[in-house]
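Both complexes shown next keep subunit A, but they swap its partner, so subunit B is in the first and subunit C is in the second.
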Partner chain A sequence: GGSNAPHACLPNRQERQRRFPLLTVSSFPCVVATSLQQDVSIHGSECAVFYRQEPPAEPLGFSTVAINYVYELTTKKRQEVPSPVPISELIGQLPVVQGRSRPIKVLNRLTVVMSEASPFVSFPLENRPNDAEYRAFDLLAIQPTTEKLFHTSCMLCEVDIICISVTEKLPFFFKRAPINGAIDRGVVFEVSYASALRDSTMRRYTIANAVCLMESCKGKNVIVSSAAEKALDLRGPYDIINLGALFGLSDADSKEAVSSTCRAVLLHAETRKTASGIVSTRKSQQEGLQDCVGS
Partner chain B sequence: MVRVKSRYLLCEINVSDRRDLLKLDDRAVSGTVKAAVARTHGDYGAALCSIRFCVKYLNAHTGIVFLRFPKGCYKLLWSALPFITSIECCGRIIPCFFNCLHVGGTIRTCQKFLIRYNTRQLHRMLPKCKNEEEKRQIQKAILSCSLTGGGDEALEDELESEEEDGE
Partner chain C sequence: MRVSSLQKMRAGAEEAESSGYQRVVLKNASPHHYLRVRLVLEDESTRVSAVDLKTFITSCLRSLFGEVGAALNVDVLKYDEETLTALLRVPSRGLVKLWSSLTLQGFYQNQACAFRVLQVSPFLLALTGNSRDLQLD
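Right, the complex of A and B next:
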């Protein structure tokens, strides 16, 4: 239950596949007030899933969650970008982060699946990243499916996250050049683990693709997140850190993938909306925009 | 000094329906973990699991388990735990997931952590109380948490009843 079809503008195919907002994929900094036996307090982050009335992120120890909306670009026709449902409508009262007194932060995130090169594909993200439709989302992610698109998204597109597909064998190999370019720009690569929990074949694809990625990027700028669709697809931060070892990350890199890299993504997303990270604008209550200097 | 060292993993089993928790028993959990390790790591994992693995403690009211693994390979066996999606117990399949809270070298350290964790959970439930009676019960349970006293059981019953009321 819990599906309320908030995306009236999505085409039917998408609506059939994903009727409710997907779980957030990126990890966010969260404060987990527990500690491992080495007495290290972990600032792990991960996106949790919010499934209508039942937020299980609270006992798991995550502090930020992003709700993911998938938007597929095809050559057929220009489709509308889904508009995010306001958070207050989805979840009544936000639970409090474990060990702190702040409530969990919930953000909106858009994942653009780029399938073929088309006039519509390069248009949104290269030329107008601050388009009004994209502004409603706090995080932008892109999922390229061909080598050329991967190269473009690493070097040119104004996104925060590049998703590595885990449901199919990678159709292209990773090259060092675009990956290093993305790392320099602050874009992170993301591996999601919810599909691995369901099926043995998916597990093989996930691990294979993740290991390929780690070989090329040496474990930097990687986040691990759940693309959970149900509350039971979530896992705790320590379990995810251990899963990173399966993907080929070292212990330190794995911990970073869940904590500090996620925090970096959040900051990157915030500065993307500003002009060089210094000036940001906010819509005032009256008509028009009002410039205000802020960070 | 030669001493056989193990790692004790403190896990919490999260289910969507709390009433299903009461049906768990340690043989079902042990079988599930062994099956998941065999699925993920094959024969090598299944062999490692047969060395010193066992379920040391299971609390059906709160869903806390202590699992013991040998120290040399606990990380490998731990990495198979996230892939558990359900537990089969007396003919029923209960969808759930394991959430690891703490890794300790001895049962005593895990127990100390568990008491601190339960105290924190009770503190978090305090603002959600609906009437004075529940508030007093929680405060009494918080004060009686200790390693040697019988506070642990009182805590867990409190935890279970409060969570049922709070949610």
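Right, the complex of A and C next:
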């Protein structure tokens, strides 16, 4: 038989127009980040939530989705970190993962775009990812725009994902040393492909930057995600695996970039909330404790 | 001298093979790959004819891979205008090019579009059944 490309679950279109870049991941445990270009305060933006069409037109085949909030840092003034909208407000009924019986997982992700260490941000440079503002996000990503910050984020920062910019010529060249350091720590590099769908210049930048990255990191610890802003910007996982060949990845690396490396990122993100990945804490019921004390 | 020794080696090999069985290895025997794709458009009432689709695919190839890509022999074997689903055939060496150019195409005549690649196989018979739609009740 042939390889049937899996389908992705697209949420249904809803009456109220709230625009959201929602990326669905298939029975591949892929994390795809959609970028929500907006001001820091989410309430001012227009979002559209896409729901599965009736009848289910095309399940694209993903099992985990991440909604991305972009937070641009400037050193000029203090900005609020956006707080994520609870998932239940965005989507009523989560579509079921194709071939399984559980619904898809939707996570929140924060991408910090930085060019230098800012006095206003404590994280990620001081390694305090458990600040209240950042706790609400399941995944943390950083997009460095200078070489110095790239080096720092590879070696020191407590992030899960380092985004490679695809909308402009690379501002710096990749060096083997920080990249190997990041690979040892379990941090992954991300290339996004939605901008390549719009413009031929963007396409050139995407492919050029991705090829550059693959040469330096030899195809390890890479994820390919969509920064989709609407449902039509999504592509199925096998399409992206095929795209990996354009970026210089081998077949196996390409498939990993969509499946096992993404799962590794999710696990890495979960362990940030724990102590060395072993112990985690959770709020317990308070009444039980008081009863014990009283008696 | 060298040539004659090579010939002797080949002759020797042939003799050895003819005494027993013959092993035939087919590498990538299928000359074509078949794809079932569907074009999803923003405006769902747009009509796309088969000729339009073929022109569109050639332009996708040209925008990503240039004239060499556009020279690839893509055939539209079947086309359903209602659902905009097509069966394409492409030589195997051009599969990656065609597939990636369909993936990276975002616009059809100023409206957003997406190519959903439903099935890919080197054998046409395999496209008749889709195990992912199987209902096991």
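We adopt the following convention: the second predicted complex is superposed on the first by the 218 of 295 C-alpha atoms of A that agree within 3 Å, B and C clash if a C-alpha of one lies under 4 Å from a C-alpha of the other, contacts with A are read in each partner's own complex, and residues count from 1 in each chain.
The rule we apply is simple: a residue touches a chain if its C-beta (ideal position, glycine included) is under 8 Å from a C-beta of that chain, and two chains touch if they have at least 3 such contacts.
Note that the structure is predicted; figures quoted are calculated from it, not measured.
**Q** Between subunit B (first) and subunit C (second), which does A:E270 come into contact with in this model arrangement: first, second, both, or neither?
**A** Neither partner.
**Q** Now for A:A245: first (subunit B), second (subunit C), both, or neither, which partner does it touch?
**A** The answer is both, since A:A245 touches subunit B and subunit C.
**Q** State whether A:E147 touches subunit B only (first), subunit C only (second), both chains, or neither.
**A** In the superposition, A:E147 touches no partner, neither subunit B nor subunit C.
**Q** Taking the contacts subunit A makes with subunit B in one complex and with subunit C in the other, which residues are shared?
**A** Correct list for subunit A: 60, 98-99, 193, 196-198, 200, 203, 232-236, 238-240, 242-243, 245-246.
**Q** Note which residues of subunit B are touching subunit A in the complex, please.
**A** Against subunit A, the touching part of subunit B is residues 12, 14, 16, 39-40, 75, 78-79, 81-83, 85, 95-105, 109, 113, 117, 120, 124.
**Q** Help me check something: in the complex, which residues belonging to subunit A touch subunit B?
**A** 33-37, 54, 56, 59-60, 96, 98-99, 193, 196-198, 200, 203, 231-236, 238-240, 242-243, 245-246
**Q** Within their complex, state which residues of subunit C touch subunit A.
**A** Subunit C residues touching subunit A: 34, 38, 40, 42, 63-64, 96, 99-100, 102-107, 112-114, 116-123, 126-127, 129-132.
**Q** Help me check something: in the complex, which residues belonging to subunit A touch subunit C?
**A** Contact set of subunit A toward subunit C: 1-7, 57-58, 60, 98-99, 193, 196-198, 200, 203, 230, 232-236, 238-240, 242-243, 245-246.
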